[in-house]
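Okay, so chain A shows up in both of these, paired with chain B first and chain C after.
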Partner chain A sequence: MSNVLKIKKGVEQGANELLKFLLESEKVKGIFTLRKMNENGAVSYSLITHPKELQNAVPLFPLMPVNAGKILSGFTLKKAINEPIAAVLRSCELRAFIELIKRTQGSLENFLLISSTCGGVYPLKSLTDGTYKEQVSQYWESAKNAEISSDIRPTCAACEYFIPQQADMTIAIVGKNDLQQECSIFLNTKKGEEFTIGAPGNIVSEDIDTKETAKLREKRQEQKKKLFDELEKNGSGIKALVKTFAACLSCHGCSKACPICYCTLCDFDSKTHEYLPSSHEIELEQKGGIRLPPGTIFFHIGRMIHMVVSCVNCGMCSDVCPVNIPVSTIFSKVGDSLQKLFDYLPGKDIEEPVPFGTYKEEEFTEIGE
Partner chain B sequence: MTATQIDSNKMPTKGAIVSAEEGINKTIVDIFKKSLEKKCFDAILIPVRVPETEAYAWVLLKDQSLLDEANPLPPIISVQGAKALRSLTKRGKMTQNIAAILRPCEIRAAVELSKLKQIHLDNISLISIDCPGAMPLSDYLADPEKSKKIYKNVLEKWGENNSVRPVCHICNRFSLPSLLPRKSEETSPVEQDEANLPSIDLHIGLLGGNQEKIFLIPVNPKGRKILEELELKSDDSLDIWQTKVSEVQDKKEKIRKEFNLELKEKIEGQEKLTAMFNECINCHNCMRVCPICYCQQCFFDSGALTLSPETYLSRSEKKGALRFPLDTMLFHLGRMSHMVLSCVSCGVCEDACPMSIPVAQIFSLVADQTQKSFDYAPGINKEEPLPLQDFLEDEFHEVETPKEVN
Partner chain C sequence: MNDEYTPKIIGFLCNWCAYTGADLAGVSRIQITPSLRIIRVMCSGRIDPLFVLKGLLKGADGVMMMGCHPGDCHYQKGNYSARRRYVLLQKLFEDLGFESERIGLWWVSASEGPRYAKVSSEFSEEIKKLGPNPVREEIFI
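Here is the complex of A and B:
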């Protein structure tokens, strides 16, 4: 059981009320949250420092233009913030931020982390083709009933980690029958409680895990199995890989959008992967034909090896792919298996080292035998 | 540029007309099979359909059987051809003779990249083809079967079918004239011959052929030699092709002018331009697929713009809110000022944009204007220096002299 701040307003207005309180009371210096850019539904993350700018804040809007973990990492890359800032981000964004911090790509210091039980987000495509407008009307209804909203990102529909782990506050959405009348903010940490002293609303005691959240988790797990099974139907091995990545443009947009891929210059964009004409000619002689630019699948496998143990299944990679390759489904399937092998859930605990960052003498001995 | 600017001496009047009874695609592919047999070339760079899929990839091949799935004019541009050529020859010249079959915009990009020392064109025969445009990647991927039918119609009704990408719809550089050296009055005839050789060897004309025949047009002595080796006589008249090219070109120029006037209205000024890029998520896909953006590491990805949290806070305090990721507009303007003089309006940037921002249309419009002010046409002549590479003392005096204030 934790303390819950109840604000007598619909969940979206309630969230804004909380942000307004935090900024106006000067408990925080700024608020990092999604903000409306225009009437078409375009949103972007913003650091809001003036309360009047909060009128365009849409902290729970079901779109993810960029993984916020990536932005907060850039924000604190040079050094930690020295004044409190509230950041509203989704469970997978928070997990990505924590993975990045483990890799010394940022700092949690002085952040007040506000998250929500997540109903998922729509693909960016639904914004560009305008379909999100119809979809979004049933989003809150599905969330309320602990159902999977239709048309959300495939990896969101298959995400079982929708209850954030490391947030100071969690806005409850999933399975909240009264979310149009009341906003429930779980105060998970002492910090969360301290920052809400004097906030509008009353405090009650509740459990974040409910029958309803268990129900959604079960549905998402089923969906995950279905998604992975479908992927397997496409076959496996080199032939299936060639087919799956046939249309890849080697734009590396997936890597650029990935919160975990933090290298300034990806190895696959470096000189290491520029070949001499003579090497091309030798390969041409051997094979009769070579695909150009070379290394399409090599890149995906290489990237996978580098980051998949920390993959948080946010789905950004699929969303930016210009040729609709289900990158995030593939990566999340491989990530799922690998993370299980190491008994590791990325972003769950900031103290837990990244598997490849520690060495255990007695581990995977079967491989050596 | 317009047809009237072409050096008429360079426009070929004779070529080989080849019957295309078995379809344009097969006819062209057969010619290249023969060219491998006759050892005109050691290998061919051409788009090939990836087996069991509807995707196309650039393949450098010497195995003739791989040509069975080749398509010199697929409905889409996947990777820009010049980028494929760059991955092959960036680090040096080929020792084998390669024929690269590219769309005109890809040829122009390849020539620009050779000026930028990113491609070695030695031993590469550039072969261009009349291009009716390509379809948007997203349309094609959504329904390849339907798209193939539409594209057939695009090829039949040249310039009339609106299903091609917007920059293709307004493209007036779809054929050989856009690849020929321009008339220069300042250079002497001798100099002109040295420096003004076309960069391409052979052009495949489709216009005016009614899907029944194709025109193989040698552009320089090397092109004539290729045809000789293929046992093709290049003494057929090209009048039908040339008339049709001029006709379509006139039409396209008119469409382009109108289109750009409308676009200019939509994007002019800081407010409108910013609104166009409002939805940008800073993925840099446009830059990654652009053939001209060759920097190994873009400045905007370098971390040079990473600031301290205090700076971000104080910047936010000035305006009340600060948008993240930062500098999206700066990225587009920075990229534009870096590459737009060489922009060939190929449209791959727009195809790759996950937010459907009309990047290519905007860049193409700006390119028209900036290239015109330098009297520069990208990708035509290997020897013509890039505008920012050479310094003319007497140029742009108007920007040095402030206007008189009344």
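Here is the complex of A and C:
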């Protein structure tokens, strides 16, 4: 049971009211959230310091132009922010931010974290193929009824971690059938409660886990199983991988969009993996050819080895792929399996070390004998 | 099955235990499988999972990782990291459908010459049964 701030406005308006209150009362010096950039659905994360500019804020818009965890990490990389800022971000973005902080790539200090029970986001191509208006109007209906919106990112449709655990406040969306009349903001921490003293609304006591959220979680788990089973259809092994990545341009866009891939100089862009004709002489002689640039499969599996234990299934990688390779589905599947192996959920607990950087003396004792 | 197929296996051996153990096996005139080509690293913790991946993608039929027994690492904890990396690689290969039996990790101490010979010949037999690495048939990867 937690304290819930109820604002008597529809959920989108209520969220804006909350942000306006926080900024006007000077409890925070800035708001980090999505802002409408044009009338055709384009949105961008922005840091807003003047209440007047909040009129174009659309905190709950179902689009993720970039994983916010990556942005916040870039913001706090050298030093923590020195004034309180309220940041509105989705569950997976928050988890990604925490995973980055574990790798000393940012700081949580002075952030007031606002999240929501997430109904997913639409693929970025919906902005350019004319479908976004229709999709966004369907979105709230599906969210209200704890249904999976039909055209959201496949990883969103398969996501069972849509209730954020690390946020100071969570705006309830999924399964709330009074979405048009009331905005329910769960105050999860003392900080959340302190910052909302004097906010326009009343406080009641409720549980964020409801029958509806459990229903959606079950549906999402089913969808996850379906999504992963579909991958099996392509077969397995090197032949299946070559087929899947046949169209890959080696643009490394997936890596650039991935919040966990933070390396300023990626190993695969460095001299270590530079391709000189001399390093392929033997291969050219014996096999009769090479793909250029070389190492397409090596890049993807190598990147998988480097980051998949922290994969938060945000789906940015598939979204930015220019040739529609289902990168996020493959990484999600392997990530799920490896995270279970190490009993690790990325972004759940900031004190929990990343499996790759730690060990236990007594574990896997049957290996090596 | 190609009868002329002799597997090509790459072994990454840690300098202080496994490599010395292999040397002892050689000096003791124990028969070692010719399939294994060894590369010396200072510690099994140096073995980057990408070494193993690259070996397999270039067509090696098997990759072995060998190091000191847990608790006996010359650098205290390198082999614990190696063990975690191996476990991760094994699961990853299993999930992708690469034959995860083509890689292995063994603890071989400096005095275990016969053990070195035994694990390498046993692994070589396994790899022979598995056949040549299917990656060999893929050229444009």
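Things worth noting here:
By our rule, the second predicted complex is superposed on the first by the 366 of 369 C-alpha atoms of A that agree within 3 Å, B and C clash if a C-alpha of one lies under 4 Å from a C-alpha of the other, contacts with A are read in each partner's own complex, and residues count from 1 in each chain.
By our rule, a contact is a pair of C-beta atoms (placed from the backbone, for glycine too) under 8 Å apart; a residue touches a chain by one contact, two chains touch by 3 or more.
Since we're looking at a predicted model, the values are computed, not measured.
When the two complexes are overlaid on their common chain A, residue A:E361 makes contact with chain C while staying clear of chain B. In the superposed model, A:K125 makes contact with chain B only, not with chain C. By the touch criterion stated above, A:V242 is placed in contact with chain B and with chain C alike.
Within the superposed three-chain model, A:I305 lies in touch with chain C and out of touch with chain B [touch as defined at top]. In the superposition on chain A, contact of A:E369 is made with chain C only, not with chain B. By the touch criterion defined above, A:L338 reaches chain C but does not reach chain B.
After overlaying the two complexes on the shared chain, residue contacts for A:I290 are found with chain B and with chain C alike.
In the superposed model, A:I203 makes contact with neither chain B nor chain C. Comparing the two interfaces of chain A, the one with chain B and the one with chain C have residues 242, 287-291, 296 in common. Chain B contributes residues 43, 45, 48, 50, 52-63, 65-66, 78-79, 83-96, 120, 137-138, 141, 275, 278-279, 281-285, 288-289, 296-297, 301-303, 306-310, 312-313, 316-317, 320-325, 351-356 to its touches with chain A in the complex.
Residue ranges of chain A in contact with chain B, taken from their complex: 29-30, 32, 35, 37-38, 40, 42, 44-50, 52-53, 56, 65-66, 71, 74-83, 85, 124-125, 127-129, 242-243, 246-247, 249-253, 256-257, 264-265, 269-271, 274-278, 280-281, 284-285, 287-294, 296, 319-324. Those residues of chain A that touch chain C in the shared complex are 235-242, 267, 283, 287-291, 296-298, 301-302, 304-305, 308-309, 333-334, 337-338, 341, 355-356, 358-361, 363-365, 367-369. Of all the residues in chain C, the ones that touch chain A in their complex are 49-50, 53-54, 57-58, 67, 69-71, 77, 80-81, 83-89, 91-92, 95-99, 105-107, 134-135, 138-141.
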